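Below: one structure, written as structure tokens.
Think of it as A, B and C in the order they're written, each chain with its own count starting at 1.
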Amino acid sequence: MKRTIVILLVLALAVIAAACSPAAAPAPTAAPPTAAPQATTAAPTTAPTSAPAAKTVELQFWHGQSQTQEKALNALIAKFNASHPGIKVTGTFQGGYSDLYKKVTAAIAAGSPPDLAIGYQNDIANYINSDAVVPLDDYMKDPKIGFTADDLKDISPSFIDKYPQFGNKVYSLAFMRSMEVMFYNADMLKAAGFDKPPATWDDFMKACAAASKPPDVVCYEMPGSGAASTFSYMVWTRGGELMSADGKSFTFDQKAGLDAMTMLSDLFTKKYAILQAKSYQDQTDFSLGKVLFTFGSTAGLPYYTSAIKDAGNKVKNWGIAVPPHNTPNPIVDVYGPSVAVFKTNADKQQAAFVFIKWLMDNDPSAEWVKASAYFPPRASTKTALADYIKANPLYGEALGWVQYGRVEPTFYAAWNPTRNFIGDAMVAVANGKATPEQALKDAVQKANAALAGK
Amino acid sequence: MAQTISTAEPVRSQVTARTRATFRRRIQWVAYLYILPAFAIIGAFHILPVFYAIYISMNKGAINKFVFVGLDNYIRALSGGEFWNALVVTFSYALMTTPFTIALGLFFAYLLYQGVRGRGVYRVIFFLPYVISTVGSAIVWAWVFDPQSGLANFILKRIGLEPLRWLIEPSGIFEVIADGRHWTIPTWAYGPSVALIAVSIFSIWQSMGFDVIIFLAGLTNIPGELYEAARMDGANPLQLFRHVTIPLLAPTTFFVVVISVIGSLQSFNQIFTMNQAAEQSLGGPLGSTSTLTVYMFDQLYTFSNYGYASAIALLLSLIILALTLFQFKFLARRTQI
Amino acid sequence: MAVASRRLPTADRARFGLGRLVLHLMLVAGALWAVFPFVWMVLTSLKGYAEASAAETFFPSRWLFSNYVTAWNQVGTFPRYFGNTLFIALATVLGVLVTSTLAAYAFARMEFPGRDTLFLILLATMMVPFEVTLVPNFIMIRNLQWVDHYQAMIIPWAASAFSIFLLRQFFMAIPQELYDAAVIDGCGPLRFLATIVLPLSRPALVTSGLLTFLGSWNSLMWPILVTNRPEIRPIQVAMYSFIGDAGTQIQLLLAAVTISVIPVIVVYLVLQRWFIEGIATVGIRG
């Protein structure tokens, strides 16, 4: 590095201080700069990823956790390294999940992927397509380092990612999940004559009709990019499915999907709903008592709490509930990023699995929950969280709903664009640019094309 | 050493002398050494990658698992509607930003060039928009365009106009105006979406400072005695601007025009961050801000269609290249550059 | 030996007499348009979370200067980030100025086969979107073993078609007579470049340096791509760490943005002396 700078400096000085001798040959001055880039090539540099130490297996772990979460994660990593002498994990923040995806993709192309990386399942599906990650089934079954039968009973299935397009193998595991819940303003509900949050979508519409006073108070604010997750459980809770059972086509344009989209259309034509024009505007408006219901991630709970408190507690009584459902049992959308293990060598891959499995254990999970407000993989972690739940009753309430969890078809790479198609369909309906039928037909057509790899 | 600029010389001949090409000299082979450092770096990091992109554009499939498909990606782009829609959005956006940015940039640079009091402060202020990272300013502008509490609608209401939904309005501007008056207009006359106009306003705000800086540098390079000479000939301020500033600023103006056209045709950051700050999907609402670069980005990272995305990028580059060649051929000649 | 005055003479200022008020009004209007979002940003950075995100008031109801302390502490390593960014930006500027000056001079004032074609190739590199060059550039950096080293963030940007084009335009405007005189004096092209072209082109050099500095200061994706060690990463990484996946503390983000802008403004204030005032007189010495 120093050499590069020195060369540049010398060059700069040479140019600026060119002496005044008649017919001075400029050649020597002009030549060095070409040498600059090459000179540094030769300079002794150590590639951080390739340090084959004697016994210790070194692992690069790329994540998107920043600030408080990064500190907590680093503390966990330090604990792991201390308790596992043969393994040394280094965690690195690589920007948000989309930056992380770019970086991993470039690294795969360059043949230098990390050993582990956090990512959404549809991103991991792309890594599988590139043949860059390894299935974890064998490690999971391994009698020495794998999961026991009791472990698998304890861990919620939504934390173990099976990819249907790739032989239903497990390519990623999760140590955190959040879920989408309904936030409601209890005072406004009461004033409108309801003493508890709506249990069915009909009740939801009734509450909207009674409580909305547009334009000051509305029932629902939809993100301007649409809300594919919200739409997903609007379909599920009407007994519908997003995809056919064989995973060959999308089916969200059938009756349940159409009913959901028609309800959305009603919400907008009756002016019970508005579109958001700023990120997290629904959170803000909720804290100001301008919106009755919002649908959002439980990871947003600390933001809601702080916004409401900061706004001078205009909203006195509020809570969270499972989204309305016409099905007998509630259904909540459980989501979150997972960790994948990249193809390196047998030792590294195994050590990487050991690390993820450790993150899913009770103690690390409990630590992680406290820093992130996510849900832990194991039901038994609840015991270790007793104090935290006492301090955060809403979190405790939501933890009980993990059993109702379902996951979106995120294991298909096509789900990422499909979320956009659904979002656009919702926005088109909200703007009166398309009927629910047209919008859904269009979205399903595009989604199926993406699924077919077009 | 002889004095080279004679104040007595008429302005016009000065202009010609100063901008004449260097055709009088013999071939200087040493020039290759002069351009070598720049070309070594640009070659490695900006030219080589283009060949990689050309290779990728003839493939499909996941990274490291490419399948050769020849010109399929190009055919797909040129035969599908999405590419052409994005092209229309791209040119609308360029037409709504570049002329204003350049005109305002020149206007304010010229004002600042006059020895006004406090010009130091002004120069900082005009440059500020370009300094603040887009993450920060996008948040501010999402608020300006907020349909309920935003500044833009506050101003519209004050001057007696209907408020707009700005960044979340996918309808064309003329469509919105016609709707408000219960007129019916044909689809082709809808015009660019209100959302695209909002992003353009943000873009003009951000890029103006950049143009001001470059024009200021250009103005400063004009020798003061040329003004002096012209004034002796009895020129008024307007004539000074017309006959001294405009011709002598021509190389700078040409530069700004070429750079702005290139920049606006591949504009991405401003649209991307505004979309995000306004909680819109990329290129939203409903694709109405989806320029070619945005479309390419979406294909690259949402669809993971590396080959197709590279083909779009290269087609865009060809379009820009053609336009730039055109500018060099016609504008450069007319301004004697 | 005469001196070429390059400032609008003072006589001219009086000439504008009546138009003075109009001129000022227009400048004030333009300045308001340019500065208003910045003022709003700073004011928002002093609000509480709810007030900042609701954006319904202009002035904070409570002035929370503590946001700056919080933002500073949350990032934790602001000084380190500043140091890195400053080093990377200055090194890049130096590289750009050296490579661009030489190349621009050749393109503006020298005659050589393929000149126009090479210049066009140079310009064409500006037309390819950054995103499609990301992967091949990363592969290049990795093959050079520059990952996690400062040069990965400097060298690829140490030459710029933009700056070459800008400087070429300015160099072309320098009178041919100056060159002829220099040749008679026995000066080679390099000396002519160093002693006559460069001083005359100071505004262009400062502009080019300033814009390079800013580009380097505000870049994010590239540094994240080519580094893993937080110790060598630049300031923008800190900005992005405020954006959460379930909410953004925008008052803290904006406080961090404001903090990050301050050094740039200082640099600009320092440079601006060179920008216009410094060029009042440019002597041509023998």
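Everything that follows uses one rule, which is that a residue touches a chain if its C-beta (ideal position, glycine included) is under 8 Å from a C-beta of that chain, and two chains touch if they have at least 3 such contacts.
Small disclaimer: the values here were computed from a predicted structure and weren't measured.
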Can you tell me which chain pair comes out on top for contact count?
B-C
Quick one: point me to the chain whose Cα centre is farthest from that of chain C.
A
Between chain A and chain B, what's the gap in Å when you average each chain's C-alpha atoms?
35
When centres are defined as mean Cα positions, the distance from chain B to chain C in whole Å is 17
Junction residues of chain A, two or more chains touched:
11, 26, 30, 33, 36-37, 102, 105, 109, 278-281
Per-residue overlap in chain B, given as positions that touch at least 2 other chains:
30, 34, 37, 40-41, 44, 63, 143, 146, 150
Which residues does chain C have that touch at least 2 chains other than itself?
54-55, 95, 98-99, 102, 135, 155, 158, 189, 240, 243
Any idea which chain A residues touch chain B in the complex?
11, 26-27, 30-31, 33-34, 36-37, 98, 101-102, 105, 108-109, 126, 129-132, 215, 223-226, 275-281, 413, 416-417, 420, 423-424, 427-428, 431, 433, 450
List the residues on chain C that touch chain A in their complex, please.
48-51, 53-55, 74-75, 91, 94-95, 97-99, 101-102, 134-135, 138-139, 142-151, 154-155, 158, 186-191, 193-195, 198, 220-221, 224-225, 228-230, 237, 240-248
Spell out the part of chain A that touches chain C in their complex, as residue ranges.
1, 4-5, 8-9, 11-12, 15-20, 22-26, 29-30, 33, 36-37, 40-41, 45, 47-49, 60, 62, 64, 66-68, 70, 90, 92-97, 99, 102-103, 105-107, 109-112, 178, 278-281, 283-285, 287-288, 296-297, 299-300, 302-303, 306-311
Chain C touches which residues of chain B in the complex?
1-5, 17-20, 22-32, 34-35, 37-42, 44-50, 52-53, 56, 63, 104, 107-108, 111-116, 120, 122-137, 139-141, 143-144, 146, 149-150, 205, 208-210, 213-214, 216-218, 220-225, 227-228, 231, 237, 248, 251-252, 254-255, 258-259, 262, 266, 268, 293, 296-297, 300, 309-310, 313-314, 316-317, 320-321, 324-325, 328, 337
In the complex, chain C touches chain B at residues 1-2, 4-13, 15-16, 19, 23-24, 26-27, 30-31, 33-35, 37-38, 40-41, 44, 54-56, 95, 98-100, 102-103, 105-113, 115, 118, 120-129, 131-133, 135-137, 140, 155-156, 158-162, 164-166, 169-170, 172-178, 181-182, 185, 189, 200-201, 203-204, 206-207, 210-211, 214, 218, 236, 239-240, 243, 250, 253-254, 257-258, 260-261, 264-265, 268-269, 272, 275-276, 279, 284-286
